[in-house]
Structures are given as C-alpha cells and as structure tokens.
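Each of the next two complexes has chain A plus one more chain, namely chain B in the first and chain C in the second.
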Partner chain A sequence: MTNQNISLVKVRNTLLVTMPADPDDVTVTTLQEEVLGAMEEYRPKGLVLDISAVETLDSFFARTITETSRMVTMMGGQTVIAGMRPSVAITATQLGLTMVGTFTALTVDRALDLLTHLHPRRRIR
Partner chain B sequence: MSDLARGNIPIKSENDIVAARRVVRDLATQLCFGVTDVTRVITAASELARNVFLYVGAGVMWWSILDRSGEVGLELTFEDHGAGIPDVEQAMTPGYSTSRGLGLGLPGVKRLMDEMEIHTEVGKGTTVRVRKWLRK
Partner chain C sequence: MANRSKLSGTAALEDIEGVASQAYLASIVECSDDAIYGKTLDGTILSWNRGAERIYGYSAAEMVGRPVSVLVPPNKPDEVPAILEKVKRGERVSHFETTRVRKDGEVIDLSLNVSPIRDASGQIIGASTTARDITEQKRMREALAERAKEILDVSTPVLQVWEGVVVAPFIGTLDTQRAQQFMERLLDKIVQTNSAVALLDVTGVPAIDTRTAQHLIETITSVRLLGAQAILTGVRPAIAQTLAHLGINLADVVTRSSLAAGLRVALDILNLKIITQEDQAKGAHSL
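Showing the complex of A and B:
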C-alpha cells in the first residue's frame, strides 16, 4: 500500500485537508470523521479540501466529499474543493458526477481567497 | 482478435477495489494511453469492481490486452455469480441504482469506455465486459 495518510492542518481560520493520490474506501470514510472532528476541535471558518494529488475520483469518493461538505455546512463551516485535475474533471463529468452544492477552486490559493470572500473579516474598532 | 497478455484479480473486499484500480493503472500506462483515458479506464474499473463487491460480495476482474488487426486495446471483464440483473434495460437507465445509491451505475461507465457488453442471468450471475482502444 502506498501512503494513505490524510493531512489535516489548521492555517489561521481554515482547515486545510490534503487527500492522497489513490485513497482506499477506509481512507475516504476516515476523511469524513476526521474532518468533522477537526471542525469541532479547531473551530475553523472554512475547510479547503485539496484533491490536486487525486488521480481517480469514483462515485464513492465523490459522494463522500459532497456529503462531508454538506455536514460541514450544517456545523457552520464552508467547504471549498481545490485542485481537481483536468483528467479527473473530464472523467467525473462523463461518469455523471455532479457534486451539487460544493464550492470549487482551481488551486488552494484561490480556495483561500474564496473563503475570505465568503467570510469577510469584520473590522473591530 | 488475439490476446497479447491476460490475467485476473479476485474482488472480495474493499481493498481489492484499490488493487483492481492499481492493476488497471499499470496496464493502461504500459499501453501508453493518454492521461485522460488512463483516468477513464481506472474510474470505470473502480465503479465495476465496486458493483461486484456491493451487489454480490465476490467476483473476479479478468483483464486482457487485445490486438485486433493492429489495433491495441484493453479489455476488462467483471464476473460474478450473484443474483443477476433482472432488468438490464432499467439498469442502463441513467441515474438508476439499487444499492445504497452508490455507483452511478452502468450508463456512466459506458460513457467512459469505447465498448460495453453485459451478459446476465437471474440466479446465475453477471458478466460486464468493457474495452478501450488505443487512439493512434
């Protein structure tokens, strides 16, 4: 088995989650639990899910991502999926995956911009 | 049509879905498929392997490298001895799924591949065969 580790890092107000290239079902399921646990623990405003390393996005993985995003919304956070590869986007669309209700960004950098835009920082005088 | 190479991998656990994906990745890469076609074939294999695991619990993925008068392709056959598909036409309807809503089912897989054939017999099992040809 190759490296199946999910990396979770809190950067400022954001939880940055990085997926491995070819996660098995257990890793994908773990993602959901770990992310929701980290939401409670670190209380970030948003979650960036970096899938730039992911080479295959099947229906199970896509469904878990979409569900996790909805759960994070329920907890009061915002999810942005970042870095989907062109080949993955083509395949996912032809397969019929929709990922309704998720924000997406080309890069992690853009995802952070999007989250800032979604949660404008309040000025405190 | 002759087989240049062939093999199989059992599918009886979730880990075997990952194993099937890796075998298919290696084969498609060795055949010099483009990166998008590699992704298409791996994703199709992942969906079909998952179907076998979810609906039946056990089965086999057979693979073979085809040579049809100079045209090279990859053929994957997913075979199980489960309940079979009572209504193949319904199973081929976009959005149709019976198990936990997972898998977009066979129409999505068909779009990813060049050819697809389904042989199913109620009470005996199902064989889904897909092919992708190398574009010149």
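Showing the complex of A and C:
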C-alpha cells in the first residue's frame, strides 16, 4: 500500500507541500483542505506543490490543483507546481489537462527562487 | 505434354504419362531450395529432400525413420504435436514462422507450410512440410528496423547550448512516432540539464500540417508544465501562413523568426548578457 501522506512544511514564508506517489481521490481532496487551513494559519506568500514523486496525473487531481491554486491567489498567495515528471507532462498534455494560469518550476529549489523573486518573473500564460 | 486444364492432381498426369511423370515430380521436390519432407501422423520422417539436407545439415539417411522432434529446440515441446493435430483434422499450417536446430546446433529461423497427405481414398495418411530458411530475411528485417531507429535518433537531437538553455532543431517532417520520441527526449534533457529555456527550431521543417502543428503545441505545453519556457524559432513566412490557414493560434507561444533571435530571449530570461571583451576591460555598462 503506497504511503498516502501529504507532507506540509513552512519554509521561508512559503508552504511546501509534497504529494505522495499515487494519490487517490481522498488524498487529493485532503490536499486542498490542508492547504487552505495552513494558508489561514501561516499566511505565507506562496505555495509550492512538489509533485516530483507523482507518477500518474488524472483529471480530478489536475482540476483540484488548478482550483487550489486559484484559492491560494484569492487569499493573497502564489502557487508554483514543481517537479512534474516528463511522462506525466506528456500524458497531461495529451489529455488536455494543461492547468492554464499556474506557475511551474523544474525543482522545488527553482520554485522557491521564483517565489522570492530571485529569478526574473516569467509570466507563463 | 499433359493437358494442363485437366490437372486436378497427380492422377491425371499418371494416366497420361505413367511412371515418367512420377520421376518428374520427384525431381521437382529434390531440386527445390526449400526443405521438403514427409512424415507420418506421429511425426516419423518418411522422406527428406536435398533442400532439407542443406537447411538442417542432416542427410536423408540420418533423418528417415527418426522423429521430427529431433529438429525442434527444447523450449518448444508442444509445437510439433499441435501442428500434427491440425493436420489430422485436415487443416494446413501456412507461413508459420518458428525456429529449428540444425545438426551443428545452430538455431535457424524458418517459415513452415505443413499440409496433410491423402491416399487415393482421401484418407489422411501423413503430413508434408515445406520449410523455407528465413534467417537472412529476418536479419535484414531487423537491420532495417535498426537503421530506421538510428535515423530517428539522429534526426531528433536535443543539445545544451548554454547552462540553462537547450536547443532542439527539427529536421524534416514530424510524424506521431517521431513527435512522441522527440517530446520525451526534450523533456528528459530539460530535467537532466536543469534548463529554464528550450528553443524549438523549425527552420528545417519544409511543410507543416495540422498534425505536426498539433505535436508542436503539445510539446510546448508539456515543456511549460515541466517548469521551463519554450520558444519556437525559425518560423518562416510559409509556415506562418499555413498555421494561420489552419486556424492555429500561436498567441500564447513565444516565437521568433530565427534561432539567434530566440537565443536572445533565452539569455534575457536567464538574466544574462553578452558583452565584448573590450567592454568588459573598459568596465563599460550595458548595450
């Protein structure tokens, strides 16, 4: 049975959430709840969603990510999706799950840089 | 000569020409390049032509009276019984590709045709096998596939042109297989080199159809999902026209007419600047 635990830590005024390898629907729903709870408690300037362990991305997960990202923005933060695997990116594209409007970064490191303005901001439409 | 339109079996020839025609047919079998051998319904070999001697390495004296299973590799114990079962039911086995073992132990690829032998009353009394050596054919087929794959590999290179920038020059047309391979290659390289920018150059693409355009858009989208910026370069007027006609909107894609121009954008994204050594020595500011 794969570990369905979501890890959530506050790093440099940012929320770092790490998703497990094969999140089921319950885990994905929990993600949104936990993020919103933490947003309220810590008021971070951003959310980094680390999906480097995720091997499959279904439409429910994709939709929840996009929704959560919008909610974070409404609460004054910015979301960056980090570490999407090539195979997942290809599948997501072919299924039309393009998650328009979300920032993406190759690694958690880059994501944190992006949020702390160390890299010039690239508006990815 | 025998009346060809009446040739419904060896019976017709025999009536007209007697024993001589039997010898004629026998020599056809003997002179064939293919292995032709007859066996009983339990697999015992009754006849073995010169082709069989050449292909399998066993002489007729060595094979007649022995079970055909002698030729079968140990990993296929059920093949011959299955074939004989079909033959007993009056069915034939056609173009069955399999392997057999020669006298010297070499394993060869063959295409087998096995048909029932009937006596005068129509009763099935044995099986006749024709085996064609396809080892060379198979080798060529595999070499061709290998070559095709090599061409595929060679024509979709992804190169790191600077720290953080990769370039993928498209050459020729992009069918689905190439597109898939290209996408995987590109994304893997981006992750491997930790690149922020990927330049997709289509200068070498003569024609762009809907499918190719779609693959391009998909590639650009997946690069973005990964966390890098994709820039399409080398868009010539002809391609721009085709894309416009196809109603494809590249508004949300960064494009430049040349690879050099695309590289400028890449450097800008990475907050880099190229200055002459003089300027650097003089401590000059920006351009």
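Quick notes on this structure:
We take it that the second predicted complex is superposed on the first by the 117 of 125 C-alpha atoms of A that agree within 3 Å, B and C clash if a C-alpha of one lies under 4 Å from a C-alpha of the other, contacts with A are read in each partner's own complex, and residues count from 1 in each chain.
To be clear about the criterion, a contact is a pair of C-beta atoms (placed from the backbone, for glycine too) under 8 Å apart; a residue touches a chain by one contact, two chains touch by 3 or more.
Just so you know, these numbers come straight off a predicted model, no measurement behind them.
Following the overlay on chain A, a side-by-side fit with no clash is recorded for the pair chain B and chain C. Legend: residue contacts after superposition of the two complexes on their common chain; A:60 is shown touching chain B, with no touch to chain C. Contacts of A:22 after superposition on the shared chain: chain B is touched, whereas chain C is not.
Once the two complexes are laid over each other on the shared chain, residue contacts for A:106 go to chain C alone; chain B is not touched.
Once the two complexes are laid over each other on the shared chain, residue contacts for A:76 go to neither chain B nor chain C.
With both structures placed on the common chain, the touch criterion links A:90 to chain B and to chain C.
Closest contact between chain B and chain C, by C-alpha atoms in the overlaid model: 8 Å.
Residues 86-88, 90, 92, 94 of chain A are contacted both by chain B in one complex and by chain C in the other.
Chain A contributes residues 81-84, 86-90, 92-94, 98-99, 104-107, 110-111, 119-120, 122, 124-125 to its touches with chain C in the complex. Considering their complex, residues 180, 183-184, 187-188, 190-191, 194-196, 218, 221-229, 252, 269, 271 of chain C touch chain A. Within the complex formed with chain A, the residues of chain B that make contact are 14-15, 17-18, 21-22, 25, 35-36, 38-40, 42-43, 46-47, 50, 94-95, 101-104, 107-109, 111-112.
Taken in their complex, chain A has these residues touching chain B: 1, 22, 24-26, 55-60, 63, 85-88, 90-92, 94-97.
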